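Each of the next two complexes has chain A plus one more chain, namely chain B in the first and chain C in the second.
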Partner chain A sequence: MVVVGAGMVGAACALYAARAGLDVILVDRGPVAGGTTGAGEGNLLVSDKEPGPELHLALLSARLWGELAQELGTAVEYEPKGGLVVASTPDGLTALARLAAGQRAAGVRTVPVDASELRSLEPHLAPGLAGGVLYPQDAQVMPTLAAAHLARASGARLETGRTVTRVLRGADGAVRGVRTDRGDLLAPAVVNAAGTWGGEVAALAGVPLPVLPRRGFVLVTEPLPRRVRHKVYAADYVADVASDSAALQTSPVVEGTAAGPVLIGASRERVGFDRSFSLPVVRALAAGATRLFPFLDDVRVMRTYLGFRPYLPDHLPALGPDPRVPGLFHACGHEGAGIGLATGSGQLIAQALTGGTPELDLTPFRPDRFAEEATA
Partner chain B sequence: MSERRPVLAVIGAGPAGLAATLAAAARGVRVTLIDSGTQAGGQFYRQPAPGLGARRPQALHHQWRTWERLRTGLDTRLADGRVTHLTDHHVCWVERDSSVEGEPVRDDPAAPGFTVHALLGPEQRESVAIRAHGVLLATGAYEKVLPFPGWTLPGVVTAGGAQALLKGGLTLPGRTAVVAGTGPLLLPVATGLAAAGARVVALVESAGPRDFVRRSRSLAGAPDKLAEGAGYAARLLRHRVSVKARHTVLEAHGVERLESVTVAALGPDGRPRPGTALRLPCDTLAVGHGLLPHTDLADGLGCRLDGPAVRVDDEQRTDVPGVWAAGESTGVGGAALSLAEGHLAGRSAAARLHGTAPDPARRTRAARTRTRLRAFSEGLAGAFAPPAHWAELVTDETVVCRCEEVTAGAVREAVGSLGAGDLRTVKLLTRAGMGWCQGRMCESGVAGVAGCAATPARRLPARPVPLGMLAAPTDDPPPAR
Partner chain C sequence: MNPLELVRARAGTPFTVRFDGREIEALPGRTVAAVLWSAGVTAWRTTRDGGRPRGVFCGIGVCFDCLVTVDGRPNQRACLVPAEPGADIRTQEGTGHDE
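Entry: the complex of A and B
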């Protein structure tokens, strides 16, 4: 089979497909992790998902990441550090507690943290917060390392710097492989793991898939001794993730890294593929982060980076076989959660490819669920 | 009266920035000259600290008279209030006022279209915001240094670093020195070290005479520059500096610090010729491989780059309205070219900020000088080049990124088995270039070892900025019109 896209999701698809006994070619027009993966923070979060199909996928993925960490944990800088979601007001805390109750019912481990306990978990948090919830299953990897090491561990033939120009289909309409700028790669199955560019790859097979970019900035500070222990963010982040608004939204997600710098991320804007530096966005992130951790006032930002998170109109990925094109599978549109959801997505794609019954119901992720809107 | 004049922010007080400042101020513009140094002059006219009581600083500078003219001109403008000189101001970014985005400056000359954010040195914990109607980037260049085994030993310094020490502190960095690498900077460094009393054992230059003969036409266009080169040659001879053309450093040796270097002759294929290795005892190795333009601020403003340099038109305008660039940031070419470009940029800025056009640039002397010196510097840039296969000499154990202590072996692994194909992925996989210098020291070296293009990475802010300052920036009132 051919996997198009050597980012995190493509690498995970390659790994699980190879372990299911398939021969895999991983092809990308750029290098490994050259798109959204290389511009991400490496969040493996269950805490930011509302109960529903995405949360199920996140729980499956978290379990699989834990298993992979046994063999690759150090190489990919896996840290099962847990997430701490904080609320600044009693109302915010009530809403957070309600969300956590629903998540708990779906199988998420949640630990309520009252205001007095917050600082024992995170000694440098701002005073005066109303409380929070600890999510022990939240974890982190270094996304570029993760994609590169999963791709290597898969044993897949890696074809980087090679652009797919067409998805080849036989007389019966079934997939035969892909045409690239350097020759054809033949296979009875093609997985579209092209992330933000997944819509373009779908179009090469003749089917619409409305993947759109959402711009996100991340700030990186100077290296520090570990002072932020968890992934810490404000409760409004959950609302932002599910938002349909085009306007800038920023809720600070603050975390330390194994290498020392603190990452501050999670701005979200729908501005197309605009790569220009945006001072208002960077300011909003800085303001949010310093509100949570006042000590950051004096900590210096070394650099900023930006990426484009691929999303579909209902904020769920496209995952599974495409009934419109036999042999075409999709694993894209994971928005800002692609690193975390990659393992589960890879596993489900491998199960679908080998004719088994995927361990999650793929119906909510059907790639053709937007077909009518797109053609209307 | 003067309060009604438009304001031009000139960033950088080296040759280009000073020439631009004087040209613009002479044409009715108020100039805010912003520079990180404590005195004007930049790297080229770097001045010794006053406390050192240097009696003859001109001994280390050529074109001293040009400098005196610039200095006098600046003093006059400072006195009449046309120019404000902000020293020890470290610019971290320039912000375009969105209300005038995309609008040509001349259509709305009243709009102060830019805010320059600068940290105040040396602590860099406080900031100021400086408003201006136009911005002129004269941000200069930084040194390119390629790695080799032993280059991280104490005693190995950059050529520019050695020169800055000589010019700024008048101290002698060591007693027995080798100067190595490639580029016109090596000549003044070698003669400067020798004049300051060091024994310069050798000047090791990877380019050879034939590289210059091949470009003799463009080089002959600037006889004064050739004469300058001849002057250096005479001084090298006088100080008994052995000039080793078409040679390269293979390795620097030492336990605690530098004790010696091994150099070898280069064959026609650009690789060291077997049997030519020579060990030279020394305690100082000044090494440099040319200069690279500072483009962070231009890039952050959205200015288009041509390769590593800012793209400008005949008037030194970038493709962003209201932003000019001059000097090394638009392509490395030396102080004389920077002066010409700065002058042209200052004239254009003054005219455009007043809603008029400058005199046709082609007819002016500065424009002719610019044309001639650009051809000359292109010829030089082609002649001075590191050995074609220098990266092969970098052993796997050699640290290529000093901030993050990344070895050449780690870079090669990222390319070989982890699928990195460009500098960005190499950086993400190895952390090379993610440290304090943000790749300025190692970018060329890492790219060479990885075998990929040295694409300049987006790296705003141009210098580290405290988060608190980002969150709540100071806001100065816009300049009065």
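Entry: the complex of A and C
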């Protein structure tokens, strides 16, 4: 089979498909992890998922990441550090506790943390926060390393710098492979793991898939001794249902890395593929992070980077066979959660490819669900 | 040949900075890295992992290899920061922050 896209999701699809006994070619017009994978933070989160299909996928993925960490953990900088979601107000904490109760019912481990305990978990947190919830299953990897090591471990034939120009289909409509700028790659199955560009690859097969980019900035501080132990983020947005509809949304997400710098996110904007720097966004991120961790006020930001999350209108990925094109599979549109959801996605795609019953119901992820809605 | 003569530069009045406590002569307009190089110092940081020596690598502010502590502020890029009279420049160990 051919996997289009050598990012995190494509690498995971390649790995699980290869382990299921398939011959895999992994093709990308750029390098490994050259798109959204290389522009994220490497979060493996269950904490930020509402109960529902995405949370089931996140739980499956978290388990699979834990298994992969047995072989590749050090190489991919796997850190089962846990996530700490903090609320600044009693109302925010109430909403967070309600979310956590629903997640717990779905199988997530959650540990309520009262205000007095927060700083024993995170000594540098700002005083005066209302409380929080600890999510021990949250973890982190270094995403570029993770994509590269999973691709290597798959044993797939890697074709980088090779652009897919068409999805080849036979007289019966079924997939026969892909045409590239350097010749055809023939295979009875093609997996669209092109992330934010997944809509373009779908179009090459003649089907619509409304993947759109949602821009996010990350700030990188100077290297520091470990001062932020967990992935820490504010829960206010959970309660903040009255958020204005301005294009820009920011909520502070702060975490240390194995290499020393602290990473600060997360912003969301729908501005197409605009790569220009935005001072207002970066300023809002820095201010939000400093409210959580006042010591950051004296810390220098070395650089910023940005990426484009691939989002679909209902914020769920497209995952599984495309009933419109026999042999075409999709594994894209994971928005800001693609690193975390990659393992489960790869596993489910491999199960679907080998004719088995995927261990999660793929119905909510059906790639043709948008077309149906449009004609309904 | 003295590079100043080579380009017929007329340097301003020299001043001194301190590097790890000793006085070093500096010319106006030079970066911290240039001042240290002129004094024969090529390494002023140790890596976080393994304590290996580091100095200028790219020299244009991109690589963050030449980090140094200036006037108590760690992680200054020596290749970009101008040397100022009386500056207190110190070898930076690891992150430059207290563990």
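Definition applied: the second predicted complex is superposed on the first by the 360 of 376 C-alpha atoms of A that agree within 3 Å, B and C clash if a C-alpha of one lies under 4 Å from a C-alpha of the other, contacts with A are read in each partner's own complex, and residues count from 1 in each chain.
One rule holds for everything that comes next: a contact is a pair of C-beta atoms (placed from the backbone, for glycine too) under 8 Å apart; a residue touches a chain by one contact, two chains touch by 3 or more.
Model, not experiment: these values are computed from the prediction.
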item	value
Chain C versus chain B on the shared chain A, clash or fit after superposition	clash
Chain B versus chain C as contact partner of A:136, first or second or both or neither	neither
Contacts of A:313 with chain B and chain C, given as first, second, both or neither	neither
First, second, both or neither for A:225, with chain B first and chain C second	second
Partner chain(s) touched by A:145 [first = chain B, second = chain C, both, neither]	first
In the superposition, chain B vs chain C on chain A residues touched	B
Partner chain(s) touched by A:112 [first = chain B, second = chain C, both, neither]	neither
Which of chain B and chain C A:31 touches, first, second, both or neither	first
Partner chain in contact with A:80 - chain B first, chain C second, else both or neither	neither
Touching partner for A:300 - first (chain B), second (chain C), both, neither	both
Steric overlap of chain B with chain C in the superposed model, located at which of 2-10, 56-64, 74-82 or 110-118	56-64
Shared chain A contacts, counted only where both chain B and chain C touch the same residue	222, 300, 302
Of all residues in chain C, those that touch chain A in their complex	48, 64, 67, 74-75, 94-99
Chain A - residues contacting chain B, complex	6, 30-34, 38, 144-145, 148-149, 151-152, 158, 160-161, 219-222, 259, 261, 264, 276-277, 279, 282-283, 286-287, 289-290, 296-305
Residue numbers on chain B that touch chain A, as the complex places them	93, 95, 125, 300, 302, 414, 417-422, 424-425, 428-429, 431, 434, 436, 438, 458-461, 464-468, 470-473
Complex contact set, residues of chain A against chain C	222-225, 260, 300, 302
